[in-house]
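These are the structures in question, set out in turn.
The following pair of complexes shares a single chain, chain A, combined with chain B in the former and chain C in the latter.
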Partner chain A sequence: MTRDLRTERKGRILAVRDLPTLPNVLEEVTRLVERADSSTEEVAKLISMDQVLSAKVLKMVNSPVYGFSGRISTIQHALVLLGFNVLRSIIVSTSVFEVMTENMVGLWEHSLGCAMACGELARMLDFKDAEEYAVAGLLHDLGKVVATVQLPDLKPEIERVVAERDLYYLEAEREVLGFGHDRINAWLADYWKLPPNIKEGLSYHHKPHLAQLYPEMACVVHVGDFIVRVFEYGFSGDVGVPYLQPEAVKILNLTPAQFEILLDHMCDQYMELVAGQSS
Partner chain B sequence: MQKIPLNLAQAGMMLAKAVSRPDGMAVAAAGTELTDTLLERFDAMGVTHVEVDGRPVGLDGAQTSSFCATRLEHLPFLFRKYPNDPWMGQLHRYLAQYFRVKAASCAVLAKTADAAPGPENAATDEDA
Partner chain C sequence: MANTFPGAFPRIPKITVLSPDAAFVALFSQAFAPEEAEVTVWPRGRGALEHLFLDPPDLLVVDQALSDISGLELVGMVKCENVYRQLPVALVLDEQELADGVDWSAAEVDELLTRPLTPTMLRARVLLTLTRALRTFDANPLTRLPGNTSIISRIQELIDRREDFALAYADLDYFKSFNDKYGFSRGDEVLMMTARIIVNTVRGVGGPTAFVGHVGGDDFIFLLPPQQVEEACKTVVASFDDIVPHFYDAADRVQGFIESTDRDGNLRSFPLMAISLAIVFNRNGRLRHYGEASQAVMTLKKKAKANPRSCYVLDTEND
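Then we have the complex of A and B:
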């Protein structure tokens, strides 16, 4: 594929006109957070002014992903418990997944399942700010959603390559678009000013051993993606487990006993979700 | 020797390895014969698995409808791209064994639930 064609497609991906827009309030909130004298109360008040956004954020923070199911009733409480980085990423996810078409529900479930596994793993490993790992899991396939929205003509071609040649979605993206969703994730993270640790989780989840700044974040998302695919919760665009990088297991110091506990926890959670869907 | 979930362990089985609480304290030695009281105590202590002599639990039952049995069935397809990779092969075998044990464990739980009086029966009892 020529460099010109790749550049043209990158341009279409990032065409601001059609990119999911983030709520205006987020800009103001970001400015406020950057001020040294701002308080959590002020930030919460500003977010709460957008009622629709607040409702969506509260719905998300009370989901099983963050481990506070049904216990967070105000934006201020969410801010204190989860921090601004997580809340910002949740706002991005609600805005992006809002543009999802009906046939992308499987991708939403896959992202949610990955977020649950990432949060569980980070908590088990006693990582600080485990919710940030969960949110990176939630956003790890952001690039797939945006590519589908921005380049709708190429989505069927990617799906055809996956089906006919039994390739991974990532491989098919690279062939059809000239780049994968991991690269798109990095562009979007810059564009939406996501925190650097989340950006690294999103852009290195397929090659976590190459992550330079936050290898643990990339490794957690990598393992989370593997787990959700083992349990086949949701649909990420292809069926099969990705290669689990042994380096990722080493970087996380993940022991076989811990891996089994993680499997047990995730098995129970996915079973509950599947049972809830079929009842 | 076979590692089995606690709900598959039964009185009369012999421990092949010592049992420890989650905090590491040993609570029963290898060679101990399991009794119902001992199993209840393990459960209360948070012990989830025990290793017993022989292979007393058949894990190849036909629980084809359970969530874990389905996972077990799908594993060869999920790992189809790594037929000759030793690391992925090892993971595949590990997960197959994990889901085999889990499926057997789920089948026992389901059987126990079936045997327990249902909510309708309980309501009838109360009414009576």
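Then we have the complex of A and C:
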């Protein structure tokens, strides 16, 4: 791929202004925000279930306007610092895409499931600020969403390559776009001035052993992504389960016994989620 | 390029116009050459909010006749945030709408543009508004919160009206050692964060009319009705303690203290920053003058500072 084409596509990706968000979350957040007795925790919990709102909130609080770029990586802290007024404005200015593709609805569930696994794993390993690992898990495939919104013409092509040549979605993206969603994530993280630990979680989740600054973050997201795929909760764009990098397990010092407990926990949690959704 | 813009604005001003009226929008290209002003147009209001909050222009022109939100409502959303208060706003109305009586004391607009308008008049009004905005406000240059003049007059006003109120004085412990170690721009980040916590908490508890001021440095004050102040202090303390560790480098955050030099130049360790709040009450017109409030709160502040952790101290003796 020529350099010009690549630069042009990067430009189109970063021209992203309106990301779609899920209408039902939007309504619930609005209702909660408008209720006088709602707590920040309640609102944070709701926002955390939507990758797009989460990204917007983090982008806003880390923007230079507020004067502490790159410091805030949890939704709850972001809400304390932004306040409900700004949050409400983010919500009303978030244009909801009326038609959500099947792929993206599945991707949302995949992201949510990954976030839960990352949070659970980080707590199991006694990592500080486990919530930040969940945020990275939630946003780890944001690049896929942005690519389909900004480069809609290339999405069917990626899907065709995945189906016909039996490639992973990431490989197909690299083939068709010239770069994968991990690269897009890195651009978005820089562009939105997200904290460096979140950036590494997003951009190294497919090659966690290469992460330089926050290898634990990248490894947790890698393992979380693996787990949610094993249980086939949501749809990431791939039918199969990718290779679990042994280095990631090693870096995290995750024992087989711990891994087993984690799998049990996540199995229960996904079952609960599915039961809750169908009721 | 320097003097193409007669308002002596230091750079090409960015003007954002929110209006569905194509004829009005077209006036801007007649009034200003492209190299004089960078004009961005949004036909609707809601979609523009995020853009405005992320990249505020030098002047915001809002048409009252937006289809999706009233112009004044939108202005209110922008202006009640401390970081956007300095953004000058011009409201666009039809002249006959003035007869309906706009509540100008509640409208936070800086300039009024009435239709029908000529390019010459538009040009003059915009220049005037931009230049006026350049003049100094009594706002803290960092947080843009009201400064001492506004603080004193607000307190004196409440005293004169014999209104019950609580005056809270907040300052940070170990801010100086943080500044010494990490540098002033990292210190400014902490002040901006502190201001946001206080603003959001105080407004959440007391509504949009609650007052927050920035005395300077790491000193802030806020005013609330007496029965609401304790809840606000608890929330400020909890939020501050929760968030401030993230402003340290990971190693210092983990060890829970920093090494820095004290006033005598000796290397020693300092705890992570904490917030101290001292609160005095004015009930039944006890206070006569701003100075009494300020003296009482400064005395009490020493008590709050004696505790190295975040805490608040209520003035129970005089209450």
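In the analysis below, the second predicted complex is superposed on the first by the 191 of 279 C-alpha atoms of A that agree within 3 Å, B and C clash if a C-alpha of one lies under 4 Å from a C-alpha of the other, contacts with A are read in each partner's own complex, and residues count from 1 in each chain.
As a working rule, a residue touches a chain if its C-beta (ideal position, glycine included) is under 8 Å from a C-beta of that chain, and two chains touch if they have at least 3 such contacts.
These numbers were taken from a predicted model, which means no experiment stands behind them.
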Most chain A residues touched (candidates chain B, chain C): C
Which superposed partner A:Leu5 touches (first chain B, second chain C, both, neither): neither
First, second, both or neither for A:Ala55, with chain B first and chain C second: neither
Partner chain in contact with A:Ala15 - chain B first, chain C second, else both or neither: neither
Partner chain(s) touched by A:Leu210 [first = chain B, second = chain C, both, neither]: neither
Touched partner set for A:Ala163, first chain B, second chain C, both or neither: neither
Footprint of chain A on chain C - complex, ascending: 46-51, 53-54, 56, 69, 77, 80-81, 83-84, 142, 188-190, 192-193, 196-197, 199-200, 203-204, 239, 242-243, 246-247, 254
Touching residues (chain side chain A, partner chain C) in the complex: 17-18, 56, 59-60, 63, 65-68, 71-73, 77, 80-86, 88-90, 92-95, 128
Touching residues (chain side chain A, partner chain B) in the complex: 166, 229-232, 239-241, 243-244, 246, 256, 260, 263-264, 267, 270-271, 274
Contact footprint of chain A on chain B as seen in their complex: 48, 67-68, 71, 74-75, 77-82, 85, 87-88, 91, 94-95, 98, 102
